[in-house]
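To start, I am sharing the structure in question, which I have written as structure tokens.
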Amino acid sequence: MASLRGPVPDSTGSKPPHGVLEISWWRRVADHLATGFAVVTVVLVLAPLVAIFGYLVYKGIGSINLAFLTQIPKPPGELGGGMANAIAGSVLILAIASLLGVPVGIGAGIYLAEYGRNRFGDSIRFVSDVLNGVPSIVIGIVAYTIVVLRQKHFSALAGGVALAIMMVPTITRTTEEMLLLVPNVLREAAYGLGVPRWRTTLSIVLRTATSGIITGVMLAFARVAGETAPLLFTAFGNQYWNWRVDQPTAALPLQIFTYAISPYDDWHRQAWAGALVLIVLIVTAVAAVRFAVRRGTLGGVA
Amino acid sequence: MGVGIQVENLNAWYGKSQALHDINLTVEANHATALIGPSGCGKSTFIRCLNRMHETSPEARVQGKVKIGELDAYNGTSPTQLRRRIGMVFQKANPFPTMSIYDNVAAGLKLNGYSDKKHLDEIVERSLQSSALWEEVKDSVHKKSGASLSGGQQQRLCIARALAVEPEVLLMDEPCSALDPISTGKIEELIFQLKEQYTIVIVTHNMQQAARVAEFTGFFLLGRMIEYDKTEKIFTNPSDKRTEDYITGRFG
Amino acid sequence: MRSRFQQGLDELRQKLLRMGGLAEQAVDRACQAYLDRDLNRCQMVLEGETQINISEREIDELAFDLLAMQQPMAVDLRFILAVTKINADLERVGDQAVNIAERVMDMVSLPAVELPVDIARISAAVSAMVRRALESFIEAKAELAQAVLEMDNVVDRMRDEAFIMLVKAMNERPDITRQALDALLVARNLERVADHATNIAEDVIFWVRGADVRHNAAQEGNGQQQPTQRGATETR
């Protein structure tokens, strides 16, 4: 059988015939340029992140101390005090938001992926995308209208509702996509065993996509954790401790905003510290959840 | 024990396109029957009609009669009930990746509500022994995930999973096409032993495999069954010229 | 499709035909040598034997190779099996031709006598059988092969007659015993050639029809249906 490879180049170090194996110089240059370009863009993207974080650390680290983390704000003009109540308030509001938004988002994602491959499903997707683009302050106003006006007072609940509305589109989208990534052969394997569809979706498909869905949830969480505008008319803020769901509550972003636009230097200092604490808390929360999930699974898809 | 399968005037469609035309066939209990034919001839569609998996495809339609033993598959039983009596093994091994080997084998039982732990242990061990995988994994059934095994082992795991629910019929859709010769040999050996307890229908592209494992062979072409006979007859002296052209490699 | 396999099959066919030609020629030469008492012809037969043996080996090798490498099925498998058997029969035909030539060489050293046996007729019938058997292979026609099977009875009768006549002659005239014996043995060799031609015909039928008609198996009614001739169109 004649060799399909053609003439074998001799390996004594002489130059191979031009055009067959040789890569021309300009192709090598282009290769380097492209690699360089990729590196530059990565740097350009990472630089602001690093810069921001670095600046935050620089400006804020000095003001973080035990008092900051455990005390509530002092009246304006007085030095000292902290943002303890804002940290606690953020935790409360985010907990409410997650409790409301995550189940709805995942549920919608499941519906769209498994049962919504039709016009109705498309319209839901459309609405979800639109909702995603609504300005956060508008969502705040909506929450104001449906919760605050009804109850006639600001509350953590209202803040939670606003943030939940913002979480849902992101969670829905990523859940749907992660579920669609689960290979159909797994569903078929389950059907072949005589497992009903709903059980297949919950026990097999959802379980396989868990890791990706958690990512989506964390993405949504990280996004809303730093939102200020929706909380303006809902949680409203509070100078004191509050653990009640139906009362105005402090939140880190709100507090940072209030302090930042104030005329007091001390409050400015605390605002920087607050911003740093906020970022650290978000990163920690995401990392903790990822770690917990990895421990629990045996290593699934994605 | 296995049961026979009776198929009468089976027609199947994907939307407007007809995939099967008037198939009539009797599958013998406790024997292996192979289905051969070129790509797209309908053999996979056919076995998917036997356990009503065809219905899971969009716009799928079936007409005709299928009897599994005494049970009428399309009349008087739900698809999920039916599928618990028929096991299926697919072309590419598809163990559940988030579950351990144990959980994979027990999946058919656990997901249907069965939870007697002691019994499950027995069933899992028995199924893994039936599929000749027990010796290789008995120390790590709970620790290793289904997806961490080699290709041949994964396929045997899927066979164990199918056997755990104690079906009467085992459908295999090109089970060895993604496997190396040694794994293939092991699985063929397995089929030989499983015949005593189950009725096996195996779709295969590999004619030599059909000749090795099956007593009966059916040749499909363009959605019709052209010839169905004892395997020796089909491969030494088939009655229909189209069958002969296919198996001698003159087309397809 | 499968062109290398096709080429292999064609090559096998050609080689077998050539071998058939050699065997046929050997028998004809040997018989002619007998009738003409021609020692040269005998020599040619003896020399031709080498070629036949080489041919047999080549054909077996090629058939074996095709079986191992190409996984032939159905009609192709039957073809290759038939070829190996016909191969063996043709080689035996060559051997019989050599036997006849050796008889002739012995006979020529003795005075010529008139014998009550028509070797020419027997040899003509036998040659015809061999030719027809090879024809049935080339044409892949089972009817031609069937005709060969029928001719075998005729040749058997001729041999039996020869036996009786020659034994009688040996009793009446003991001085020509050796020549009579030579003639008897030649007649027997020819009858063996006829048997081989019959075998070849049976193998052709097996190949073309997928029916094993050896030893009258078709009559046994063993559930093996006789499928209608599909015309295994053999210019493949």
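Letters A, B and C name the chains as they come in the text, with residue numbers starting at 1 for each one.
One rule holds in what follows: a residue touches a chain if its C-beta (ideal position, glycine included) is under 8 Å from a C-beta of that chain, and two chains touch if they have at least 3 such contacts.
All values reported here derive from a predicted model rather than from experimental measurement.
Colleague: Average the CA atoms of each chain to get its centre, and name the chain whose centre is farthest from that of subunit A.
Modeller: C
Colleague: Identify the chain whose mean C-alpha position lies nearest to the mean of all protein C-alpha atoms shown.
Modeller: B
Colleague: How many Å are there between the centre of subunit B and the centre of subunit C, using C-alpha atoms for each centre?
Modeller: Distance between chain centres: 51 Å.
Colleague: What whole-Å value do you get for the distance between subunit A and subunit C if each is reduced to the mean of its CA atoms?
Modeller: Each chain's C-alpha centroid was found; their separation is 89 Å.
Colleague: Per the centroid of Cα atoms for each chain, what is the distance between subunit A and subunit B, given in Å?
Modeller: The computed centroid separation for subunit A versus subunit B comes out at 45 Å.
Colleague: Subunit B touches which residues of subunit C in the complex?
Modeller: Answer in residue numbers: 1-2, 5, 71-78, 210, 227, 230.
Colleague: List the residues on subunit A that touch subunit B in their complex, please.
Modeller: 183, 185-186, 188-196, 199-200, 203-204, 207-208, 210, 297-301
Colleague: Going by the contact rule set out above, which residues of subunit B touch subunit A in the complex?
Modeller: Within the complex, subunit B contacts subunit A at residues 51, 53, 56, 79-85, 87-88, 90, 92, 94-100, 107-108, 111-112, 145, 147-148, 158, 161-162, 165.
Colleague: In the complex of these two chains, what residues of subunit B are touching subunit C?
Modeller: Interface residues on the subunit B side: 207-208, 235-239, 241, 244, 247-251.
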